[in-house]
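Order of writing sets the labels: A, B, C and D. Residues in every chain begin at 1.
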Amino acid sequence: MNVLIRGRFAVVATVLSGNSAAAWGFRLSRVQCYPYYPITPSTSCSEQISRWVNDGAMDTVTINAESEHSAASQIIAAGKSVRAGTATSSKGLLYMIEVLENAAGASIPCGLFIGNRATGAPINIWGDHSDAYAMRDSGVIQLFAADAQEALDNVIQGYRIAEDLSVRLPFAVNLRGFTGTHAYEGVEIPEPADVDGYLFPFVPLYPLFATEKPVTYGAMLSGNFYRRHKRNQMAAISNVPEIVLKAGREFGERFGRPYGLFEWVGDEKAQLVIALMGESASAGEAVTHHLQGKKGIPGVALLKLRLFSPFPAREIARALAKAGTKALVVFEEGLHHGAVFPPLAQRIATAIHLHLGADAPKVASVIGGLGGSEVRQQHFQLMFNLADNLAEGRPYRTEPYWLDIEEDPIFAESEKEVAPALWKKWGEVWKRQARKEQYFRPLPKDTEEIRIYSRAGQGAITSAVGFTGAGIQCGHQLLTVPAFGSERRGAIITTDTLVNERGKRKIRSFNRAWDVVILYDDTILSSPAHNVLEGLKEGGVLLVNTSRLRSAKIREILGASESRVRVFTVPASEVAQGLGLSHLNMAMLGALHRVYEKIPFEKALTYYEKHVPRPREASLEAIQQGFQQTADRQAASAKKERRFVVSNDFLDWRPQDHSLDLWPSALEEIQLG
Amino acid sequence: MYNVLYNRHIGPSPHSFLLPEPVVDVGDYGAILTTGLTSGHQGCTGCGMVSGTNQVLRALKLTGKHVVASIGTGCNEVITTQNTSCWGDVSVDHNNFPNTGATLSGNIAALNALARAGALSKDAFVNVGMAGDGGTYDIGLQALLTWIARGEDGIYVCLNNQAYMNTGIQGSGATPYGTHTTTTPFGKVIRGNQRTPQYLPDLALAAGASYVATACPVRHRDLMIKVQKAAAIEGPCVVEIYSVCPEGWKSETDVFHEITELALQTRSWVLFEAERDRKSNTVLFTLNHVPQEYVGVMEYLKLQERFSGMTEFSEMVERAQEIIESRWSFWKPVLEANGINGGDRAHDL
Amino acid sequence: MEPQDRCCEYLSGISPVWCPGCGYYGILSALVEAFAELKLPTQELALISGIGCASRLPYFVKTYGFHGIHGRALPIAQGVKMANPDLTVVVVGGDGDGLAIGGGHLPHVARNNVDLTYLLFNNAIYGMTKGQFSPTTTLSNVTKTSPFGLTGEAINPAALAITYGATFVARGFSVKKEHLRDLIIQAMRHPGFSFVEILTSCSSFNTIDMNVARIVNNQDLVNPDHDVEDRLAALRLASDEKKIHLGVYYRSRRPTLEDKFKEMRSSAHAKAKSRPEGLVKQFL
Amino acid sequence: MTYDFTLRVAGESGEGVITIGETIARIAAREGVHLATFRTFPAEIKGGPCMIQIRLSDRKVAYHGEKVDCLVTLNQQALDENLADLREEGILLCEAECDVPMEPSSRTAYQLPFERLAVREIGSRISKNIVVLGALAHLLKIPKNRIEEFLAEKFARKGQAILEHNRKALETGMRVAEVKISAKNPFKFPKGAGQRRMLMTGNEAIALGATMAGMRYFFGYPITPASEIMEWLALHLPAVGGKVLQTEDEISAICGVAGASWAGGRAMTATSGPGVSLMSEALGLLSMAEIPAVIVDSQRGGPSTGMPTKTEQSDLLLAVYGSHGDAPRLVIAPTSVEDCLSLIGLTFDLAEKYQMPAIFLVDQALSARLETVDPNTVKRAPAAARLCAEGKDGGNFARYRLSDLAVSPAAIPGTEGCEHMVTGMEHDEFGNFACDDETHTAMTVKRFRKLAAIEADPLSQGLCSYFGDSNAEIGVVTWGSSAGPVEEAIKVAKERGISVRGIVPKILNPLPHKELATFFQSVKRIIVPELNFVGQLASLLRSTYRVSTINLTKIKGVPLEPSEIVSVILETAATLNVRRASRYGTAR
């Protein structure tokens, strides 16, 4: 949801990652059986839950399953008696699909949280929707969350929907891997009592552990029984949209955040609409708000789908008709594997064809964001431009477009830009397409951004999350997204933090224009793969942890002038060492406050007193010293300085030459004898 | 690893050092009051598995607990839960083929959760997992062994008819050496099943089971004692039941008893049980039956068509006999302690 | 303060340059712990060394240090001790420095019984120059300069020291650090010339002669009832082929060089005036 | 009244030739007579020809004289070898049995049966030399009681019997001389001529001078001709709290000096050419580690073992440059025994002040010759000390601190807070090894600026002695013991009407550039006489000043003789009036 307004209950937002928010969802839903099996990127959700269980904060039976297949089997078995749930991703989900059929078939309302991640070969650990698409026919209800708050809310609403007597089906809440699961942002955690009032305790319909009425699940049914059973199952899933709306409305009344089947962002009357699901929409929202009402831009809107299975075809069709949409571009992070369109586009196309017939808007499909590829703002500018071409009736492709493929761009002026084979196929379309400049005006930068280059294991994420928490406590909206992959300790990783002061509208997309760049290690300066000045605003700040390089020397290494970058240094390693801390991240946190004043240091300290890692006093001291010892003057060198500055003429001194040439003499050279 | 301890006593024994008092011993011929499966299952005539299931459920009834069965796909499931048929007063949760162990684990967790929530008392119920030899030795082994390794309290019964019978007699992990099956045919070059079975009791003990036993429906007294013990003993217990399958073994449907007796006499099936004392990490092995005189394996093979090819080849029969002797050599200490050496004098206590 | 805490008081802050896995690290820490145990103020300590890996040790210790020339650590130390008897002088050097080029000085400093402690790091190789054989290289160890075997029989430093009349001879092993530390303490407390041969391996160039495993397997401590006064028994221990005995071989008391100079001074006093001017009379 | 009388006593080593010479010299010195002596030693350990020549004069004499006024020979071989040196009117006193070649000369020869007299009168051949002494006493009119007094002192410890023998032998000698020797002798032994003088050899002067300069730690190894220094010190240093250690070799000696000096004492060693060669590596160490030390090099005939008992001046280049690398050191060369006594103290002062090794170059002739010395040269007090830090540096004491000062403060081991490393490796200011280019250049500059500082130091001014008149066109430059013969030669040349200017620099590294430069400007020819083959001082002067020199090189194992120098002077003078384009600058 994009509106950040206080719930009726004064609930203070806490900093949570997407995974932790989902874990809170399970906790608040009082799930009673939580088997788990680790798989990136959803692991930390299960880790959080097992910490709570072992600390006695959550009354749940956890099972250390030996595979996702067993974990799913366990929630389906337990789901017959108690509320059960688990979290998984990618390949794990694929293992589960084999047994999830039984859950839907046996109408077990267990819950899943999926950290969406690419599936299949080649192996890729970053986010896209291919795992969610793989399970779409397993009979499980599928909800998509766009950020951590929605992940938490959707898990709670998931159980409410799934356990509804007219449904009784398993559900899954999807959140994009890393950009969603590992992004840290402010999340309001509802009070358990409130949630209990919204989600009643689990009531098994046909409990196994019933002394008087034993039951049999999973009987073998022949055709006659089987088709009737399946028909009932389909009937149950078709009830879901209505239940979702009811649950979403009640959630809004109770917690101040209403949910529906989808979210319409932008103009009421929108000729050009982009439909998509999940976290990547954050960049789209920024572009939509930027384009609304601009000259030469017909109404634009973003259709953020929440309920994917069952697909609310009628409601979507009606919404598009109401908005008078002429062109619809469906952006999705999954593949069509030979189908007409990838799943979302195919469902939308079918829906609007059936429900709107002739005056259905034109539909084009765009694939992007695969395997963690970045979904940037200019992608949406491109797609709105494409929609504009569709609306004008220009020819367009009847197969998916691709983002960020050099030889297959959306718009191409000449043959040279594209692969010859493609020109042969789509040359005509390209020729008739028009790239309109009004879509590509640069967006305003109303957020400030900080990038940290550090080495894995240096604790950069902990410090960025601490900073985010402090910022939120001061009333701002912050988002921290670490970018890491299968790096081992020591490799260079980045952690980006976005600060939105005005907090009017939640912004979750980066402009990649850094106000502050922080180096946790001065050797990163000389790393060929990293240009630390790239993206740094003119006159931006470069904060370096070093005790041997002076500011002037760093500028010299970077070949940057004083006006290009203001360089600050802090001997963080020495500070940490002095305090016996194994990490220098706390000192760097203090230093960040020195160079970036937007988050006042004193107010932040009150937050840090409660949230710094152990040992607390040493960490707080490190923050203080980091703050004080940041300087842009010469870095004091601790090494034993040479006392006498050796001047050149000292070095050039040589014994005096006394040869005869220097003075007149009457000497004559003669040889005797 | 664990220390091996031999019980001098040979024969079924209701006593166990893990239990405060012995279990109910129905004796040889007493009337068995309880009922097992409701009538109307669709098993083949002469099917040993159904009688095995029946006796297990009767034994569990003796313990006075309600049974919740997590069963895996296989003959036992298919023939007992067709459309609306069920197991009588036993709740059945058939989940899938490879995850009997996992389903069992899920139900045990549910029981714990409910007990923790005060909805019911834990010892009113007993969780039992049942699967065939394919669902136990092959596709379900991972779920089973990790269930045992987690030390969850319940029983796992394997109805071993030594092949995938439900899908038309394909070779499984439990198929004996030399057996003809559709996937291990007795060809001209490769004569029948080349593998020797991997023996579930050894795996279960290695995985940390508290109690392991082998049984056969013909010795119903011994079987029911063992099932009761398995129910009473804390921790994961595994019972493997010899299930005659005329269809798969290509034998007459009325030789159920003769085949089982010959199996015992030729020692190709050995009745024993093993109880683990976790503190001292020792396992007490008790031999429950010694044949009066050792009969050559040929007698056993002759009754079943699946071995017909093998009986022509003396070296294969010798190989089968070797397998039996090597397994039987494990009991040498018990036999010597009881003065039994070879086939001269055997007694069945 | 615990001796260990006071150890770092003796470290100079320059980190050792020895190869990783070198036995000298053990010896350095044993030496520093010995200093801490003896509670010696750093300014009353002088470490004299020649050239070689072992001779780099003084740089890493915060005391007075003299990094002299190859093989001449002992005579330099003798001069230091003569001019400044209150200093506690410790000489460190390798087997090449001490027994090859410097071999000539050992007998004389020993028989002069100069009150100093000589630690000979015996790794049976020239390490600094990267792997030439040294006087203590044994077996048919192939080195860069003995590709086809050695020319001479290996020297047994401890036995040599005993025959040279050193009044304290011991043998330690870099791996047994505590034992080595005690040996060094005894050596420094001994008035007169104390010689400690320290077996150690050179991880880069010689893991054959002073193979740690071989030493560990057949070494044992000198049994307590060995008579340290009996020089022949000490010699037998030192030159035992089979077993390597670790501990104090020989210890006896003899007037040190300083004592002799005091005697000379008193007898000279008896003979003549003590003021320099008194010397002039003989020329008039 | 002026007198200048040269006496030479020659004979078999062991016959007491030296005792006769020493006794006369001692007695003369006590009478205030100026003395210059020269003696030779046989190469053999025992026996072999040897002689001692003493020149008595009322003025300071630098050379022991070419021609001899009175020759005393104790055997035939001595007579044959030395007769040529007897002046025409000279007196020969020899053993009776010798046959004296009586060619027609105005020499008068007296043959006395010393041997027979000694045996018959006193009963042993040993007292033969006392009999000769008695004869000489009569010849030179030396008062008998002076001799008896000296003999009593010298043989005091030998007991009354010996004293009695000596007295009888003396009387016998005088009695026979009265009979045999007629008066007619120009020299009359002076009595009470001046202030009583000290008489000592070069080695003794060095030993005494060093002791007076505060040297308390001597390390030495026996080597001819420097052993006497160690022997004297071994006997006398302990009394003043010093320590003498005879080491196993010269290397151990110089290292002992390095250690003792670093430890805070003034230390010294004395050796000859072979010793200095062995010490060259340590010289480099002393220079690099900036440790003061004094090394006495009594040069002998080289190279290698060479002629141990013969004199030569062939170690100069070794002294100035000896050691690998640029290793600066101080080189001082005394010209006389008195110089030895006074300059050794100055050498210690300069070495300590500039923290560098110093080589005190003497040679066998100077080491061995007896010479009278003005007693108050002994009273010289040490004029400089080592610059030491007090230890207030709080733990990071920079021993080799670079600064505009010539030297950086040292620290005596034992001073609190000044723990530091001295090392032969290139080092930074704290003594830690540092081999980067800037450090090496800076440290080398630091070490060589010392020589420049010494040059400007008042202590090292006035270390050149001059002879002859100042506007001569012929210049003679020499060093060390050759100064005596040059001085003599200049006198002779003057008599021959040729004006010659002589300069003898006593400090050879750093050379006294100003004084030498002005000297070279004032002359047209430079003659450089020295006792080595390649002309080492000449090559030093040529390389430093690029002047052309006329080299007079002699390597006969004996000092230069004035006549040899005069002949070169004459030859050079001949070239003076020949006009020749001057290769150097404009002719004045």
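We adopt the following convention: contacts are C-beta pairs under 8 Å (C-beta built on N, C-alpha and C of every residue); 3 or more make two chains touch, one makes a residue touch a chain.
From a predicted model like this one, the values you see are computed outputs, not experimental measurements.
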Reported most central chain by Cα centroids is C
Per the C-alpha centroid definition, the whole-Å distance linking chain B and chain C comes out as 77
So, in whole Å, the Cα centroid of chain C is separated from that of chain D by 42
Per the C-alpha means, the centres of chain A and chain C lie apart by a whole-Å value of 66
Rounded to the nearest Å, the gap separating the Cα centres of chain A and chain B is 52
Residues of chain C that touch at least two other chains are none
Multi-chain touching residues of chain B, meaning two or more other chains, are none
In chain D, the residues touching two or more other chains are none
Contact graph of the chains (line, ring, star, complete, other): line
Pairwise touch list, complete, is A-B, A-D, C-D
Seen from chain B, its contact residues with chain A in the complex are 66, 68, 70, 77-78, 81-96, 98-99, 101-107, 109-114, 116-117, 120, 124-125, 142-143, 146, 150
Residue set of chain A touching chain B in the complex reads 32-33, 35, 59-61, 63-67, 69-71, 73-82, 84, 98-99, 102, 208-211, 214-222, 225
Contacts from chain A onto chain D in the complex sit at residues 640, 642-644, 646, 650-651, 653-656, 658-661, 663-670, 672-673
Seen from chain C, its contact residues with chain D in the complex are 12, 14, 41-44, 46, 48, 51, 56, 58-59, 62-69, 72, 75-84, 86-87, 104-105, 107-108, 112, 257, 261, 264-265, 267-269, 271-280, 283-284
Residue set of chain D touching chain A in the complex reads 396, 398, 401-403, 428-430, 438, 441-442, 445, 448-449, 451-452, 473, 513, 517, 520-521, 523-526, 544-548, 550, 568, 571-572, 575, 580, 582-588
